[in-house]
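Shared chain: chain A. Partners: chain B in the first complex, chain C in the second.
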Partner chain A sequence: MSELTAVGKPIQRVDAEEKITGQAVYGYDLVLPDMLYGKTLFSPKAHARIKRINTEKAKAYPGVVAVVTAEDAPWTHGETVKDKPFLAQGKVRCIGEPVAAVAAEDEDTAEAAVKLIEVEYEDLPVYTDPEEACKPGCVEIHEDFGKYRKADFIVKGAAPNVAEHFKLRTGDVDIGFKQSDVIVEERYFVPIIQHAAMEPHSAHAQFDKESGRLTIWVANDAPFRALHEITEALGMPKEKIRFINPLQGGGFGSKGGLKVEPIAVALAFHTNGRPVRVKFNREETFISTLTRHEAVVYSKTGVKKDGTLMARAMTIYWGAGAYAEKSPTVCIRGSLPAPGPYRIPHVKVDGYAVYTNKPVAGSYRGYGIPQGAWAGEQQMDEIAKRLGMDPIAIRMKNMFVEGDISYWGEQLHAVGLKETLVKATEAIDWGKPTKTAKPGVKIGKGFACIQKPTRSPTTSAAGVLVNAKGEVTVLAGTVEIGQGCNTILSQVAAEELKVPLERVHMHQLDTDVIPFDASTTSSRSTYHMGNAVRRASIHAREQIMEAAGPMLEAKVQDLGYADGKVFLKDQPQQALPIGEVVRRKLGIHGKVRGDGSYTYEIGKDLDLETGHSDHASAFYMYATQAAEVEVDEESGRVRVLRMSAAHDVGKAINPLNCVAQIEGGVVMGIGSALHEELVIDNTGKVRNPSFLDYHLVTSLDTPELIPIVVECPEPEGPYGAKGLGEPGLAPTPAAIGNAVTDAVGVRVYDLPLKPENVYWAIRKKKKDAA
Partner chain B sequence: MKRTEPFEFYQPASLQEASRLLKENGPGGRFLAGGTDLVIAMKEKGLVPKYIVDLKRISGLSGIREQSDGSITIGALTTMREIETSPLITKKYSFLSQSAAEVGSIQIRNRATVGGNMANATPSADGAPALIVLNATAKIVGANGDRTVPLEEFFRGPGQTVMTSDEILIELTIPKTGPRLVGEYIKFSPREMMDLAYVGVAVAYNLGASDKKCEGVRIVLGAVAPTPLRAKRAEAALEGQTLTETLAEKVGQIAAEEAKPISDVRSSADYRRAMVGAMTKRALLNAAAGPAKSWVERRERRY
Partner chain C sequence: MKMNIQFSLNGKSISRDVPTHRLLLDLLRDEIGVTGTKEGCGTGDCGACTVFLNGKPVNSCLVLSGELDGAEIVTIEGLKIGPELHPIQKTFLQDGGAQCGYCTPGMLMMSKALLDENPNPSEEEIRFALAGNLCRCTGYAKIVQAVQDAAALLRNR
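And then the complex of A and B:
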């Protein structure tokens, strides 16, 4: 391959100026002509039957155009289990569940009218603990689970409220533990957190009776999947539904699936063709969109004296909240790699996705990896301590390397893990003495390693248009959620067509026009869509060269291509710019279109009894992060002093963007390690649904960050690239947890490591010692 | 954010006019100064005041002045940012400017006023403990004349003060202090900034030049009682004594006993109480060590 011209370059983001200057229009900003304003009535009850809904007063309120309940929208949806009504049907399962909605001429009218809707509830038992909710005798939160339509791979648990039971069985853990010299067993807990994207959720919808077409404007991270879900729910033909994606102000997993869309759609059928906008405010976003799974992780690890891992058994209760959403797949893809990136002969994992009466949990950057790592990577340190081994040495001894067969039965390649471990720990001067702390303040270091699969198998398709001016338009279904895909994909097109980046333009996402893409999730876009755009660009280039042959009176094999021009190989000065070729071939309004798609084919499907698969993921992302922390023993306050993060990205298409992804991930990870926790009481009420008491980190809480890009090329990836979006925060809490233990000799098993939690742990140790 | 319900809005140009308006309209009104609490209460928490009196057209209500008797007056409309950056305050009472610097963000501090910070009477208000340890007084004008009350007696409970509905807080006065006065304010909260105090501790005392004895000890706790709370037993334990680390620890423990914290979503009462002890100790020792020279140094000293 010729030298790369655009790929691998630290190019500033193509959307930077538009966003920094405030010109960008996000979904939340969008105003449509003649638009109505929607407002939602949310359930104040965590689990209750709806005995009666009276909407008469709301309907009679001046300025109200439509009031809808489940009677008007008798549909359900769900990515893997069709359990979620557009609006509550007969019962509510969490506080914040949408029950009814109003569309009115202005926002205040909608808000006033929604308060006039009367609902009578009859209380049912409330379950707020995933471990409790699956105990024998518990009432099923979804009594009709058996009747729901659901994906083939769903394995309903035997216990109450278990929506999915994932099993991984490798070797025989009983034998493994018998052969072990040291066994460590512990319970770990990760609380519910929320994505807290800068832009809250909103959706616009319009239904045109004459054409029978439904249009939805929403910053959804997977418009084609949303389209499919709406189509299935409504029973409408796919061709009649169109999703248009305005810019998304961050999502981190919270803006996939259907969130506000069903409410907007339900209203749109009753507004005589006028578009309706439904916006959630911050509190509504906290309680009624999506959260990250709380997880109770029981982990038991057996090891030989020399540090060889023998067996690992894990039982994970994933708190799914009121509806299944992505819980089954988080349960599968979070539980499967939870034992960590290590060779372990005997492995047993049971993952349970358990319904509770809490806000719905689903995808969150990292997709179950942080929860498993919080347990597994802290336990690795515990084992090392018990053996008197260095935490690096025990991992080096057991970690995956090129060609290993993983405990789920897949042969691994492109494993850059070791390099991440070496570089991340070196970056914080591992093993060297730390600076002296003040009295009462202890300094410690720790690190954690992770592996992360991506959603597989999936497809991405793309189109590339070249016009008569030589300008390139890319049609790609990847959503710019703030991650930088427009820059990355522009670089790929610029690379293959050898044009300057300024000549490449990304078309707005519109499902009527743009080729199919599975989703902008799971760190899959650079790899899948990168391949698709690359193929589409090559396809366009080939057509241009084909057309240029007669123009240059040469055969295609005698033509060269460089710098946006087709030329004669033996007379390079005889060259035609690609725009000129298009003009001569198709006229000044002509466009050459190239198409390309990429599908990662898996071999055997996941075996439901053993959890084994010979190709569970298109690629694996590996990372190690290392933290140096300061712990104030008197207050329990933890401050991260510096944090290195080494990530195997395969190939950095844009090193600048990779660094930004890593830094953004680490900062988010620090928040989840030290501060973030959605506090929900035993009535199911969220106690801190605002930024006053839901603490995100500020710039002052952010330590010195040391991002490190490791490149272990993935042969199937475009230019060797893998993905990077999610892992940035996955090892962070475990690394910080290990550093805290190194500092104060106390392990805190429950996140977050907020001062109070650390304080009581230190106090307990002092008491025990006394 | 919700559009507010209609309300009467007055912009008096003088205190007399303001007093007259309050008398005519009766209870149920609210003052508008910086608006950082009031506007949010109206737009997000459903507060519907009967009427609003904007104080910003009244001249003479803002600014920091040193008086001929050595006292310092701070107008009620002085912003928290002004207190934070005032050369006079920074030089004489750096811990007071620091307490102002702990409020919200710079943008908030550019709007928020010290009068609002007091009159809103949030138990965690950062400005109150530091002003109370300085023996500040509050000047209140009303239809029935002016009065001056010690700030220590100004607060009655969360959102409640001694003021009646026809009175206006116009000024705070810090009486002259001796040259040996030292002090400190520590705000303890999990996040470095943009947070509410879980515990706030202000201390001030005169530090003997040679004998290092502490005199005129004042210790005031924030966020651990319905109002800012003087830890009088703790003060007495230090009065006339030479400060040592052991004594500071003991005084802190007494202050912890005096605190009356509650448990809420932020913290348990037990933890708050323990932090009163730890932070009081640190505040006393920091005060003796002299003012922090930089923000970083100040942050380090909280640990």
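And then the complex of A and C:
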């Protein structure tokens, strides 16, 4: 391969300038001509039948243009289970479920009118605990589940409220435990947290009666999924619906799927063609968008005296909240690798996605891996302790290496795990004495390893235009949510067309003109869209070279390509810039278009009885993070002193961006480890829906960060790249948990590691000792 | 109740009839159409809407329009020095201080406020000054770096 000119370089972000000058227009900023203002009425009840809705007063309020309820929008949607109404139909299933909406001439009017809508409810039993909600005798939150349209792979559980039951069966765990010398069994808990992207949620919609076209402006990170779901729900042809993506102020998984969009669409059909904007404020964003799955994880591990893992059995209850959204796939893809990146002959996993009367859980950076790792990686340390083994040694003995067959039956390649473990632990001086702490304060170290699959199989397609000035425009459906995809994809196009990065421009995301992309999720974009843009760029280059042949009076095989020019191999001074070739071929307004797409061809689908697949993921990401913490024994307060994070990215297309992703991920992980928790009482009410009460990490709470990029190339990836966005926070809580145990000798099984949880664990140990 | 207010926005004088309860944030974004100032929470907890009001940084979601008569307001759109980026903007670019960019305008305004007062802040002082500005993307490391580098640029001018 010729030397790389753009890929692998620590290039500064291509989208930063508009962001630092305030010129960038986000979804929440968008003001459309003649726009109406929407306001939503949310359910105050966690589970209730709707007996009556009266909208008369709201409709009569001066300045109100439309009031809508389920009667006006009798549609449902959902990614794998079509269970979610645009507006509540007949019953509500969580506090914060949209029930009705108003469009008015201004915000104040909309707000006043929405308060005039009267709804009468009849209470139903409220379930706020996923383990309780699937006990025999519980009322079904979705009594019509059997009638919903759903994906083929959904396996409804036998127990009440189980939307998906995932099974993994390898070997025979009973035999494995019999052959084990030591068995450890515990229950772990991970609470609900929220993405809390800095930009709250909003959507704009406009329906033009004459053309029958519906346009939706929304910062959604999977516009083609949204297009498909809206199309399917409304029964409208795809060509009649258009999604336009303004810039997105963070997402972390919260901005896929439909939340505000259906409300805006429902209103848009009743505004005589005027566009309507529906914004959720921060509190509404907390209660009515998406959350991360709470999880109860029972884990049992058997091991030989020499540290060889023999068996692992896990039962995981994933709290889905009121609607299925991504729960079936989080349950599958989070439960599958939950036993950890190790060779284990006997494995049994049961994952249950359980409906509750809480806000809807959806995709969240890490997609189920943090929950499994919180249990599995702490249990690895427990086993090591029982055996008197070093935590590194036990992992080294069992961890996946190149060529291993995983417990789900897939041969693994490009496994950079060992290097991440060595580098992350070295970076915090593992095994060396820690500095002495103040009296009453204990210092400890810990680490955790993860392996993360990506959503498979999926497709990304891209177009690359080269104009007569030699400027390049990339048409890609990957959404710039802050992760830096516009920079990465520009680098790929610049690399293949050998043009300076300044000459590459990313087209705005508009489903009318941009080729299909599955989603900006699952750390899939660099690999899938990277491959698609690379292929499209090569396709454009080939067309330019072909066109240049007659111009240079040469055959294509006698032409070379470098520095944005086509030249004669034996007379390199005879060269034509690519823009010149386009101009001569197609005129000054001409454009050469290259197209490319990439689909990861999955092997056999996951077997529904065993969970086995010979190819469950296009690639796997590996990481180890290591923490040094101090714990105040008096108060239970945990402070992270330093944190290393070594991530196998395959190939760093932009090392600067890799470091940025790792740092951001780790800090998000620290928040989820130490203090983040969406507190929901037993009536289903969120008690802390504000940044005052929901504690995000601030600039004062972050420790010394040591990001480490490991490159174990993935042969199918563009230039060897894998993905990186999600794993950044996945091992973090388990690494900190292990460090806390190292410091104070007690284990805390429930996240977050807030002072009271740690305090009571220390107290209990002292009591037991006495 | 509406009242007429006259104020200066990024050096330009503006006269408006506005409801007195209209928040400065909404006045800027929805009525004047200057959307560089971001809304993150609307309750003064995240700092995304930080602007300068009479030379002091404030959360514009906590200021009522009725208070603005005669005021001098500077937003992110007024941070440049003529056609030149302000040093804090330059270092945010160079150090990767912005990812999704939504907290960035507020972060920049608060950083400028710090540097106006303290041209040589320690890391701790920077972290303290920015503690009311939430960022969910960066983990703050690159932001703190950018403020340190901007301080050096300003000192060497």
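Rule of thumb we're sticking to: the second predicted complex is superposed on the first by the 770 of 770 C-alpha atoms of A that agree within 3 Å, B and C clash if a C-alpha of one lies under 4 Å from a C-alpha of the other, contacts with A are read in each partner's own complex, and residues count from 1 in each chain.
Note that a contact is a pair of C-beta atoms (placed from the backbone, for glycine too) under 8 Å apart; a residue touches a chain by one contact, two chains touch by 3 or more.
Only a predicted model underlies this, so the values are computations on that prediction, with no experimental measurement involved.
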Partner chain(s) touched by A:198 [first = chain B, second = chain C, both, neither]: second
Touched partner set for A:675, first chain B, second chain C, both or neither: first
Which of chain B and chain C A:208 touches, first, second, both or neither: neither
Contacts of A:700 with chain B and chain C, given as first, second, both or neither: both
Partner chain(s) touched by A:563 [first = chain B, second = chain C, both, neither]: neither
Chain A residues touched - chain C or chain B, whichever exceeds: C
First, second, both or neither for A:692, with chain B first and chain C second: both
Which superposed partner A:754 touches (first chain B, second chain C, both, neither): first
Chain B versus chain C as contact partner of A:111, first or second or both or neither: first
Partner chain in contact with A:635 - chain B first, chain C second, else both or neither: first
Residues of chain A that lie at the interface with chain B and also at the interface with chain C: 107-108, 281, 692, 697-698, 700
Chain C partner contacts - residues on chain A that touch it in the complex: 12-13, 15-26, 28-29, 31, 107-108, 195-200, 247-252, 281-282, 481-484, 656-657, 660, 663-668, 690-692, 696-700, 702, 705
Interface residues, chain A side, partner chain B - complex: 107-108, 111, 281, 438, 440-441, 630, 632, 634-635, 637, 639, 674-675, 679, 687-688, 692-693, 695, 697-698, 700-701, 754-756, 759-760
Touching residues on chain B, where the partner in the complex is chain A: 1-3, 188, 190-196, 265-268, 271, 274-275, 278-279, 300, 303
Touching residues on chain C, where the partner in the complex is chain A: 19, 26, 29-30, 33-43, 45-46, 48, 75-77, 79-80, 85, 89, 92-94, 96-105, 108, 126-128, 130-144
